[in-house]
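Take a look at the following structure, please.
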């Protein structure tokens, strides 16, 4: 059990845009896998590793993120001491009166008021059920300034890819989306360092007027700092683009992937909605699909992920699709390679078809 | 018990400035009465009236407000459904894509996602232990569009004073800081109206590009809407300025005022800090003062309010003062009519003196 | 804390002995129901949805799983700092100690608890009924009629009336007589076991009842008749929604099947009256390439590779390829292996049915040594919780499969694991 | 939930009979202590501060106030959705029912509860000791020594050693012998009643202990000797901080006075090791114009108009004008009226002392009919909780004032109210 580390999760990444899915919500709040949001994976991994104090660094689109996270109770992070804190932008600092970037100021204040020795900083585009316990232990043992998690999972590469080059397990080069990568080590968007070092780095950034904070901000200090690598071999899905979002979703239909993510001793927590069980009527046909509570299934569903509360109407046909919460697919509609965002309606007889690389996306609350 | 009303508390009021005390914190977060913040009174009053869903409308200075409110658990408002929500500024709306004032957009979204019939909108400059139950009942019975709470407590007038003129108990005029008030009814900064009406008013404001939301925003609609009055006779302290903040604090030393606020069946909740009991050493002299847990009292304290964790050193003399949390008054210091904000140190032998109308204020974290 | 006008006391201590092996290790209110619920979810959710925030759960028999299930009440939004959910087992005091003797005695032993909440009214509920009721409506009727007690009743078919506690009422709905299972019923209004009492009145009657050595300390048999005899005003409040006492294997099975056949009656999809339940931390359920699921309800963590017809499948249950499940209830974590034919069965928590097992009403030739007339009827076969069933066995309908006792060998029940709580 | 390496089980079921009237209605762990605490706050806060998040509190005797005080564990940050604080009273199962027979039996009856948490180690604590201990250090020693059990011990003066359970150890700190109150102690290492066990080992010994009809099912008397006899490795872990068992009126008084006389020893102001307690929802305390408070500790809701010297004043207590309180403990909500002289007294919860009452060690002539050699010593006088004491009476030291029994008249104890819980 990890007891002396806290966590920071970065809710957005300016290099990663999932099109219509992110117009109004942070990357971290993107629905994923039937009943989750992407952030659930990093947050649950931290909780399962014994982290009890987590700050979420949010940008402007934090309405749905706040709604999803609530008091943190679903992750058992609604605590008197420690617990979950959203660090919103434009927050004035208690310690800095300068007109410098306020997101970083808020983060600095959060760290200053904490007591932990180490901080795990994680991006929110990694879907995995990770244990950070060994990661922090290795960091502590090695005496490095920073330890960066990476893997060799070349299958899930895709832009942006942070390619890390190590010599004697010390980071000597970092490239973002290299054309000719000199290393097959790809950052998993998680680093650990001491809280005081992170505060020092932030102080420097504030003094310089820098505003961008993410894991690259730390990794690019490889010249001044000793940054070591830590290889992680857990099953990992990277979400770097709409196409990888779509393909990562589809991989959940592989029973082996599903079990690795969800059926280990460590569970993935998410906001509970108390939907009723899913109902299957006569004449439905469902094959190789994930279906969620609250759904009414009358039509045909193949190779798809159906979120909570979706209505799949009579004679409708859904294949290779992601249908998000509370959407309605009416009688006879046909969808292939389509992502339907929340609360949308596909009317009777409508046909939509995308390709696996370019799925059609219907945005939230739309009637097609 | 009130079950069909929710609450909105407005954390700041541009007309009310408490000088150094509000440089970094919202009015609502100003420490008051030894162990409270001003917002505790309105929030506890709502909770004690059965309100289970409260939104706090915050401006930029919401760091200490968020820290004080936490998950809402101290007010038993850490709920799965409903509970406490901070509505931060600059939040993007789910329902409005216009570039209009985002504070109001966030409020609109909050109301839209709620289910209650009525909304109590309250300013946070009123210190009182109010029951809203009868207020909402009367509003429901009267059929008015809006009901506004007022009293005749001319003692506690002071700028800004919202003077309300009623005819047949219908609001016909509203004046802010009138030189020659035509009415002795003074707004208590609390109104109740239906959620749908409030949403209509906000929609109009958003369309017009208005950005300021407070109770006056509602009261000034007295021509279009039927606004009735509701007289409240509870013991009430108004905080309109630094001078009224100081005098309201001193009134807590009247045992009758203290009992009315704190010893009724309805309690005032606040953030719990688990300080140790206050320790009184030999040679201290304390008279007519409120002292909080965590204090060490060695010197002399008269007619003063001492917040949690304060150290009152040997031979020091404090009279008519407000000493906030974790400040240290060192040996032989003498203070009269002084407000010492949190975490400050008054060094040995230092003498400070203000007048009751113009108390000296030492800001947070300063060494004098 | 804000004063609570009405608090609820849920009687959850009964042994539920008519459910046989299903309540071997767990109290009846903790028995799984309707794919994702436990029976007590209904009473707890009714409280939450009725705005009742102080709830006492009176436990006695096998409370471990129930306590662990309820936890701090978080799942029902009842983990309040002030009030909230309290589990109330029997206890020792200077005056001595007693297990709860009857429903009225259970409340009697908690008079101090109730006094401390200072309620005007106390709602007494049973933890083992399936229904959705807004207790505020009943309270409104109680207050308007200035009643001392109000008892929820429902009309039952006249021919069944003699199986119930029957309320005879005057035209205004006042109860004039209470008859427990009358041979010749004068009314068809049966008590639902939902009572609202004005607390000060009930308090008096509980103290008097306790002093009566002949009393069985039961609400229906003793307290209600005593109040009638004492001239108190007792109101009958008619409830006409879905209601079922799931006290027997048949009624438990039937009430589960009602969710498939008459879903609109209890309507679990009502967004304004959610039935809250403890989250199982499982992913959405998976339906495989060769699976078929018809006329059934499923929930998180389920994996279906075979055929499921007209069944209720609980969280984490698995139906392997080629298996056929029909008219059955699979409780959480149960596994039906390849080639099984399961027909009108209830499979207990975490029980594993070996390959090619055939069980249930359609099995004509098979093991008859588990037939249990005492518990089972209508061809329903029940597998206890935590069992491992051998491959290839055939078990006829109306059977009940118990755990192995230590050291006992059995060619059908290969192993039985004492259940972990949730 | 994340796996818990170690969970804590707090024994809070004892009757605390040596505290006499103070534990009439409330269990000993719920007795007020040190101005703003209850005794159990120390064990609970030690758990929270040691990062232990799964805590079972074993209750039995008069648990209502204790249960209500602990609530959902919120005040100690133990209201977790996963794990957290569980209150564990005795219960009935198919195998029968039993009250807890001894400390070991109480844990035995909760084997299933512990198994479900899957801990590697179980920490057994008592709910009635005043101390601050980081159990992580003890666990580290346990793991490093590869011990089966580790027992916290403290050095006591040799002359007092025969009053304790004494551990004889070898040079490496391994326990070689355990003697309960030895006439001729070979060591001065006394057990603090804080044990860490490797769960699987303890589990075996609990089951064996339960099968021994001659066992008193006690850790100190049975389980520890059995483990020593069985060749298990038992480690003594020396703790040298403040520790006190507040089991008698004298030790309760003395331990309160230690907060005034030796505050640095327990150091309640340590911001890194807060003692958490349930908030009383009271304002800061008020000291009036003619009051004098010296050498004392006070907390929220207190109002002092008279004179307080060398005393511990709990929340909401009131000392009226002209009253003098010295060397005393005022429990929550107690009132000392005008003109009283209270000297070395313990005043129970919500008790009202009438005007001009003189009580305690300095009263030379006065009522002697309440003197209680059994409970009181050193001149300490104890007023039970919820009493109303007549004006103008004088009560000598070493007295204990009990509640009136129903119908009994008394010219000193005018009335007694059964206490509400918090």
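Note that the chains take the letters A, B, C and D in the order they are written out, and that residue 1 is the start of every chain.
The rule is simple: contacts are C-beta pairs under 8 Å (C-beta built on N, C-alpha and C of every residue); 3 or more make two chains touch, one makes a residue touch a chain.
Here the structure is a predicted model, which is why all the values come from computation and not from measurement.
Distance between Cα centroids is largest for the pairing of chain C with B.
Set against one another, B-D and B-C show the most C-beta pairs in contact at B-D.
One finds 40 Å separating the Cα centroids of chain B and chain D. With centres set at the average Cα position, the gap from chain A to chain D is 47 Å. Under the contact definition stated at the top, the residues of chain C that touch 2 or more other chains are 74, 80-81. For chain B, residues that reach two or more other chains under the stated contact definition are 73-74, 80, 267, 272. For chain A in complex with chain D, the residues that touch the partner chain are 1, 3, 47-50, 73-74, 76, 79-81, 265-267.
Residues of chain B touching chain A in their complex: 24, 60-64, 66, 70-73, 78, 80, 83, 85, 88-94, 106, 109, 272. By the touch criterion given at the top, residues 33-36, 73-74, 252-253, 255, 258, 261-262, 267-269, 272, 274-282, 284-294, 305-307 of chain B touch chain D in their complex. Listed in rising order, the residues of chain D touching chain C in the complex are 24-25, 59-64, 67-68, 71-74, 79-81, 84-87, 89-94, 97, 99, 112-113, 115-116, 418, 420-421.
Residues 34-36, 74-75, 263, 268-269, 274-277, 279, 281-301, 303, 308, 312 of chain D are the ones that touch chain B when the two sit in their complex.
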